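The chains carry the letters A, B and C, assigned in the order they are written, with residues numbered from 1 in each.
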Amino acid sequence: MGWEAAPEADREYMTTAVDIRHAVKRYGDVTALHGVSLEIADNAFFTLLGPSGCGKTTLLRLIAGFEDLTEGEIRLFGKDIARLAPNHRPVNTVFQQYALFPHMSVIDNVAFGLKMKGVPPAERRDRAGRMLEMVHLSAFADRLPAQLSGGQQQRVALARALAPAPRVLLLDEPLSALDLKLRQAMRVELKSLQEQTGITFIFVTHDQEEALTMSDRIAVMSAGRVQQVGAAQDIYEAPINRFVADFIGETNLLPVTVGQIAAGRAMAALADGHQISCTAPEGIRPGAHHVSIRPERLHLAPAEGADLAATVERVIYKGNDLQLVARSASGEELNVRLPNSARTDIPAPGARVGLTIEEGAARLLVD
Amino acid sequence: MDLRRYPGFLAVTIACLVILYAPLIVVTIYSFNGSTSITTWGGFSWRWYADVFTGPEAPRFKAAAWNSLTIALIAATTATAIATAAALAMVRGGRFRGKQATFALINLPLMVPEIVIAVATLIFFATIGLTTGYLTIVIAHITFCIPFAYLPIAARMQGIEAHYEQAARDLYATRWQAFRLILLPLMVPGIISGYLLAFIISLDDFIITNFVKGAGMETLPTAIFGSVKQGIKPNIMAISTIMLALSALIVTLSYFINRSGQKARA
Amino acid sequence: MAGPVAGKGSAAGADYRGIVGPLLLPTWVVIGIFLVIPVGLMATYSFLTKEFRGGVIWDFTLAAYDQFFLNRGLFGDEPPSIEWTYLGIFWRSIWQAGVATLICLIVGFPTAWFIATRPERTRPIWLFLITIPYWVNLLIRTVSLKFLIRENGPLNEALMGIGLIDTPLPLVNTNLAVQLGLFYSYLPFMVLPIYAAVERYNFALTEAAHDLYASRWVTLREIVIPAVKPGIVAGCILVFVPSLGAFLAPDLLGGAKTFMIGSLIDEQFKGSQGNWPFGAAAAMILMTLVMLVLILYARAAARSEAR
């Protein structure tokens, strides 16, 4: 079918593995995707991140071929696949509930895709065996899925999807059914598997920590639209709108009035009259906006000359750090992260404190 | 304190079981009665079983039993095949026009009283001029067996989540391969349950068969009914006990098949 | 979890979406030709003229319904009054089926409750015990019951043996025998839906009720029964409907005084005494009655689901 891996020479420059152009999906009156466009590079670990109902799973299922596009185009290595049945697409899926065939042994599960592709039995057994080795489950080859633990089933699902050597691997919240410890271990394992195999991984999750730790690039989705695409650091440090700033990590969102904007910088007035210097995204206009400041970018300072003035309401002990909840003169709640260190001076509730903002940490947001 | 326990409920349950089983147990015991009178106990004996197979009424019962079994076999097999195809469309066919109506149609034989089905079927065969006999019984049985085969099959299919087939399709299986290698094996317990239910329902039927059988044709229930009209004789009790044992065997079989099916799914 | 899809009938459904027609064709053909058309023919027959040796003459008339509902005297020349013979048989059938349903409910509810509150491991065994008799041929069960309760049968002998009664109870050929027969025929139909409802019942509600000072029986009445009502109603329908048109229990266990609809219809198609149009009309009236009950039930169920 011409889906074999591209020759070495072609891999030099970035190839686009999946190219989604203005994808719209409607179920009756409900629109799940409002014209999503995305380019996913080959050999990348790409994550679709968003709250439940944002359309990320729908997008994944469109790529797999379990759903039909209402409008738009999906190209796989340049080929339009929108009309292809799932069994004709060189992509494999790791399902959220694993979907291991309950009546087949582990090795038969892993070999299933190879069998369907017409790989001879001996080679099939061999390749499936190597896949099981890769996920450290060789000893369980002849068991039934029901006889494995959740973590083991998850690794079988992974081996099964990787066995036919797909060009793109789709992972639908594969870690959500595991407990915390196992989940953390699997993150590392998934990332290293992706690097080892060089296969493009498209990973769906609602867990921002999962997304930030594993991905080369992340697409943050909400309400059937892509809000922002970028590397983990871009998304966290430079969110372009309120949704992204609020969804990824914790932040202080403060209403401000923006005056002049020049060269990506702007002066903004807080409700209590304090003026702060902010980075401004392109296309923003003077007027009422919100500014985002991460709690770890705020620091306690003497009241004189500080960027902000606030009254401490309470201090919450969180183990590795402390969360200070304060209120500005105009009534805004401010969260400040303090390191849990003997050197930290912890103010008492009721104390009036000054806060400084790190250079470049205040970002104006598009609504 | 167990808040779920209500005084007397255990007693009612036991009474319920006693009422359900007492007649069957009594008949089983009396089928081994050595006496010709059904009222007095004449010691343990197999004579009525021998009578069933070699006695004066034996040829009649043998022919009736043969008819019953072959009819049940044909009806259950056909109904199961029809019901499996219907379940595929109803459970895995998405939304389509006339789905509600089709659902009502499948369940129609359960909603229309048996005696009404019997009357309607008889009138139909009389009108089209089909002589009542073996064939008319088979046709009638296939018709009313469809919902009984359908219910366990559809229930089982609903219990099999769509993602197994999706995974197979994702792993390069064609539609037919996904059905044959994944869905069908997972459905086997449901299909067997449906088949056995249809088989027993066919074997059990008296009213409809009695209407459409025509003269000279007998199934086991109609033959037994004819006999007990003249009073309950010991050989009837022997036949009853044999049929009882057969039913118990089939039910036990289907129970364990279902349980093993559930275990594999867990 | 994300996305509005994932699950039943959605995407894998696409696999069979294109071939729904061929898959359903056998069902449509078989049930359509051998049940829907026959019922239509039956409706037609009820408006035809009877032929004396059984069968019909294709002359349209309301005679069958007239005979059912109206009394025009022995020679047909009196002013019509309501004919009570057949309405009485229908009324008796409804009454018998109703009493049988009530007995089933009184026995079935505690049984279903008891089973549903057993440990999960033993529940299937209890259910199994309740359902086995249902799998035994109905005719054989009815004959067995008759054998047990007949005048000098084992039940009367046992009761006399322990000195509870002096003379045998005349059970056979009574209303009670028919009710007992119907109860015995359809009890599992009552137990199973109630069991399913109780099994789904959230026992935290019972705990909450007790916590708020309700007694055991008050909890049962105020909390449990409303919660499992759909199961109770379903059970009652499943017992009442087949009881109404039952043939074997009234025929074998009852006598002339307990004549029910089933036997009335049956008689019209037997031998030269038969009257096919009248039998078809009686069957039509029975079917209408049953459909009425089912429609009312479906409506009520839809309404409670909407809530």
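The rule we apply is simple: a residue touches a chain if its C-beta (ideal position, glycine included) is under 8 Å from a C-beta of that chain, and two chains touch if they have at least 3 such contacts.
Source: prediction; values computed, not measured.
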Chain separated most widely from chain B, comparing mean CA positions: A
Chain pair that, of all pairs, has the most C-beta pairs in contact: B-C
Interchain centroid distance [CA atoms averaged], chain A/chain C, Å: 58
Computed distance of Cα centres, chain B from chain A, in Å: 55
Geometric centre distance via CA averages, chain C-chain B, whole Å: 18
Residues of chain A engaged with two or more neighbouring chains: 66
For chain B, residues contacting two or more additional chains: 161, 163, 166, 169, 175
Interface hub residues of chain C, defined as touching at least two other chains: 6, 11-12, 14
Residue numbers on chain B that touch chain A, as the complex places them: 161, 163-164, 166-175, 177, 181-182, 185-186, 263-266
Of chain B, residues touching chain C in the complex: 3-6, 8-10, 12-13, 15-17, 19-24, 26-27, 30, 38-39, 81-83, 85-86, 88-94, 96, 102, 105-106, 108-109, 111-117, 119-124, 126-127, 139-140, 142-144, 146, 158, 161-163, 165-166, 169, 175, 178-179, 200, 203-204, 206-207, 211, 220-221, 224-225, 228, 232, 236-237, 240, 243-244, 247-248, 250-251, 255, 259
Chain A to chain B touching residues, read off their complex: 64-66, 85-88, 91-93, 95, 97, 99-103, 112-113, 116-117, 144, 146, 160-161, 164
Chain C residues within the chain B interface of the complex: 6-17, 19-20, 23-24, 26-28, 30-32, 34-39, 41-42, 45, 55, 107-108, 110-111, 113-115, 117, 124, 126, 128-133, 135-141, 143-148, 150, 152-154, 183-184, 187, 191, 203, 206-207, 210, 216, 219-220, 241-242, 244-245, 247-248, 252, 261-262, 265-266, 269, 276, 279-280, 283, 286-287, 290-291, 294
